[in-house]
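Structure record follows, encoded as structure tokens.
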Amino acid sequence: MVSLTINGKLVQAKEDEMLLAVIQRMGIDVPATCHHKAVEPFGACRLCTVEITRPEWDGWTKHVTSCLYPVEEGLVVSTHTPQVIELRKTILDLQLARSPKARYIQDLAAQYGIMRTSFEEVPDGNDCILCALCTRVCDEMGFRAISTVNRGHGKEVAPPLHEAPPDCVGCLACAQICPTNFIKYTDNGDIRTIWDKTFEMLKCEQTGQPTITRAFAEYLTKHRGIPENYFKLGDLKHRHETAATMGRVALWERQEKV
Amino acid sequence: MTHDFSRLPELIDRHPRSPESLIMILQEIQREYRYLPCEALMQTAYALGVPLSRVFSAATFYNVFSLNPKGEKVIRVCVGTACHIRGAALIQDQLENLLHIKAGETSEDMKYTLEVVACVGACAMAPVVTVNEKYHGSVNPSRVKKLLKDK
Amino acid sequence: MRARFYVNPILCTGCRTCELACSFTHSIGGKPGRSRIYPLPGGAPDLWVPVTCLQCDDPACAKSCLVNAITRNAETGAMDLDQEKCVRCMACIAACPFGCSLFDSFHNLVIKCDLCVGDPACAHFCPTKALRYEPVAVPVKRSA
Amino acid sequence: MSITTPQQLEKLHRECRAKRERDKKRVIVCCGTGCLANGAAEIVEAFHKTLKERKIEGFSVEAVKETGCHGFCEQGPLVVIEPHGTFYTHVKPKDVANIIDKSIADNQVIETLLYTDPVTNTKIERYPDVPFFSHQQRIALRNLGKIAANDIREYIAVGGYQALAKVLTSMKPDQIIQEMTDSGLRGRGGAGFLTGKKWRTCASIKDEPRYVICNGDEGDPGAFMDRSIMEGDPHSVLEGMMICAFAVGSNQGYIYVREEYPLAVIHLQKAINDCEREGLLGDNILGTGFSFRIRIARGAGAFVCGESSALMKSVAGEIGEPRAKYVRSVVKGLFDKPTVLNNVETFANVPIIIVKGADWYKSIGVPTSTGTKAFSLVGKVKNTGLIEIPMGMTLREIIYDIGGGIINDRPFKAVQTGGPSGGCLPESKLDLPVDFDTLTKAGSMMGSGGMIVMDDRTCIVDLAKYFLNFLVSESCGKCVPCREGLYQLHRIVTRITEGKATEADLAKAEKLSDAIVLGSLCGLGQSGANPFLSTIKYFRDEYLTHIREKRCPAGVCKALIRYEINDKCTGCVACVPACAYDSITGEKKKLHVIHQDKCTKCGACYAVCTYDAIDVI
């Protein structure tokens, strides 16, 4: 355990923790649009920047992204200095210029008193804030089906060759993790479509309840050793089967006792 | 445009089959075909065991790579700082006018591709234009037409 | 692990107190959540089986989770689902052969029994002691 | 036959040196990129052809050496006749026969090919007397233009690989690091981190393997020192890397060369192959048990790959997105292993420091910035080219003594150092000594060594726009302040050049710049606002003229100028075909007119007019 001071309070943290985790645990509201616990910290949005110093630094301070900065014994952290707040305002202002219609960014910006961007709106802007959560979660899950393409201001998230991604199994993690709901998909229970790729949905053999895509189930069977027959039923039917099995066992045990 | 992809395995085999070789192999392919055909990206991904998304990401990140075929002559106008202040913009303007294409485009007859490049490192001879691998230094507007004519 | 969760269907009357207790314990923002325990018919008249996560020793849910959001809690023995890590791919729901990973469509969350961090409300409120949470000396092996 | 002991190396050195000394005359043809562009290859060919036909006593074709860049690219192709040092400029293939007959066979000097000093207007015979060279002190560039770039024996002849033999046989890694630390050598890539300190950190990390990377991704537009070294003296870079590898305990090195330098790749690869053949790279080098290999990794055109973490990702075959460096790359670098990354020029300095000692090196330059620094002196200066000067020389000496002053003797306006991330210094700063700390304090930076001189016809706002445009297109796009911030900053500066901005925009740009500096992830972003910040610091008036008066004093910003023909026009019609938009009309020998409605303000007419008859208003 290490102890450090955050906004004047002495706190304890585990050695390998990042500052942001400790800050969030304390209930301090530090925005971080590219952060998600499922993926490695990335440091792209820069909103979680905080000021750090140490007693022996003689008043010298520096700014670090808390999502990437490991806790240190004796560190003194300030999460809301005027300079940091000003930085967050500018960043949100910039994000709003790119994604003026994204509710998520609108709300965050409003918290920092920005109702509309003071910059020129980016002509080809959209709701994608390029946090790369989608590509990173796809990497993390092992599919690596989508990636960022191009660079700089023309960067975007896309499937390879802008065609249906061969490695995608239609798990929807990218769409689920997207903070601005920019990644679109359709799902009618029979067919799911995402990134222009169509997937057949597995259904409960008895109730017809759709579960996950066949491609995803096959992946889990092949790489994670989940028996194929587990996917034959939906969760509801599985529970009923469980009840029936346990019921039989209970009856049998009662008979044994009698 | 159709290509003979039979040379692809040979190009790929020039480098060790590890993810590190990705950029080197893409460069070989770019040199051979003057662009990166989809087929080549897929074969590279397969050979190196790298996801196609990573190959595509690299192919679009770096300036050298192009997903569209380039012309026979690739004319690059250096717009490095030294060239810029010695009038590279004017040279670019003239070339765009003569070729009827903008920087980054290829003429319809596939003869010319016009590009701008950040710096070719021949700053002492600014402004510089390269035609394929050949450097032309101290280019002035009156020399631009001549550049297109000679090989 | 210090305690085990016991289900005795013979004692269960199907009163569904456990469901209520679970929902209210796991309420978010004042709204009751979906229950993680369901008394279901056990295949004989008046036989009810409260079905909930068995906290398997070799759980399919954790194996199917590609972001490692489901891990064993060393204190309670429960397979805990880290909501902040979960990306809602539904793999665990499809993979659990007991149907005990669930989707709470109201809160848009994947949920499963976490043994209430060591004091399961269902067992606490069960009027017939059909559900019990009791210390054990030697853990019993079970697998999915 | 490969060299397996230090004694064999010493023997080879003596043989090669003796052979070099036996040549009564040597003809040095500069084959740097600049001279090649001017036709140096044809000169070499002409020598070969002519010497086949003519036999000269005591002179063979082998004494014609193709060397790396002399630096004086402006005057190329260059031919030097050693040992006298006769210096011929602008040599054409047809001059070759003449050179052979007169200068080689007969010791005569061909006056017409000599360099004319623009200041005194006299011909200068020997190249050490040319002011461009006489003010320089060449250490990193010591072999450029002296030895054939592609011949390992030439390098060995001038003492090459002696430093390697010395460290392998008589020095401990710790001693090498101490020597580097004592020499005060600072990284020549721009940031100026102490080389010895970096090596020491790397050597102290208990993790293996360790890597040595040479950064040859010279991305700063306007700089070509590293290119010249890699092309002209690749072995000194390799030797520097080997010494570093031995010091930090590494067995694998990489040289990252940017895409635009194909010749550098060829020469480096040849040098590596030669070393492997001679046993200077590979296993058990010089029989000492030290093993080291070097691979070349080619860049693919991304400025951001000059940043260390992006470069390492690129070497690993990924896209060059930097990562936050709270754990430094010397601890966790390539493949997450300890990695020393130094620039080409830094490595080129290493062997000579080992041979001559830290004290010698420290005696050059100023105490906090020791040694010399190579610059590419370019822009609107008379003598453009590659130079190396001791640290502490003033900007004025560089620009006026070496550079010969401004072209057409126009007024000096600013000098830009440090590439896109650097800054512009005005005339009032010309007497500042050039060293790491002084330049940084003045709001610019040393950078990798591009030095671009500007006259009054260069618009500072346009220059800021140019650099911002460059950075916007080279940003990797990972973090918001750099991707979106630089884009917006570029938009604001563009509006200023179009006369559409207000003073409030200027204030906003300054605030935005602060956020970019504070918030960006890597060095590119953190220094990304410098083109704006450093110009607004010294040239605020020029910005304000654009904003308030809607005027571009330098006559560059298209939206704020127009071209008009004055009565100096002789009606020579040179401008008419130059105008691609048919906007100039007029009869022969009569005053011409520019039709403003068609004029795109490209400036072609202005460039071709020899009568000063076109005004920029």
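So that you can tell them apart, the chains are marked A, B, C and D in the order they are listed, and the count of residues begins at 1 in each.
Simple rule for what comes next: contacts are C-beta pairs under 8 Å (C-beta built on N, C-alpha and C of every residue); 3 or more make two chains touch, one makes a residue touch a chain.
Given the structure is predicted, the values throughout are model-derived calculations rather than measurements.
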item	value
Contact-richer chain pair [A-B vs A-D]	A-D
Chain centre separation in whole Å, for subunit B relative to subunit A (CA means)	38
Chain centre separation (subunit A, subunit D; CA means) in Å	44
Whole-Å separation of chain centres (CA-atom averages), subunit A against subunit C	25
Whole-Å gap between the CA centroids of subunit B and subunit C	60
Multi-partner residues of subunit D (at least 2 other chains)	302, 319, 474, 476
Where subunit A touches two or more other chains, by residue	148, 150-151
Multi-partner residues of subunit B (at least 2 other chains)	54, 57, 61
Pairwise chain contacts under the document criterion	A-B, A-C, A-D, B-D
Contact footprint of subunit A on subunit D as seen in their complex	302, 304, 319, 323-324, 326, 472-481, 483-485, 487-488, 491, 508, 511-512, 514-515, 518-521
Interface residues, subunit A side, partner subunit B - complex	135, 138, 143-151, 158-161, 165-167
Touching residues (chain side subunit D, partner subunit B) in the complex	33-34, 36-38, 73-74, 76, 218-224, 227, 259-262, 297-303, 314-320, 376, 378-380, 384-386, 416, 419-420, 450, 452, 454, 458, 463, 466-467, 470, 474, 476, 578, 580-581, 600, 602-604, 607-608
Complex interface listing, subunit B residues touching subunit A	38, 41, 51-57, 60-61
Residue numbers on subunit A that touch subunit D, as the complex places them	42-46, 49, 63-65, 68-70, 83, 86-87, 90-91, 94-95, 97-98, 118-120, 122, 130, 132, 148, 150-155
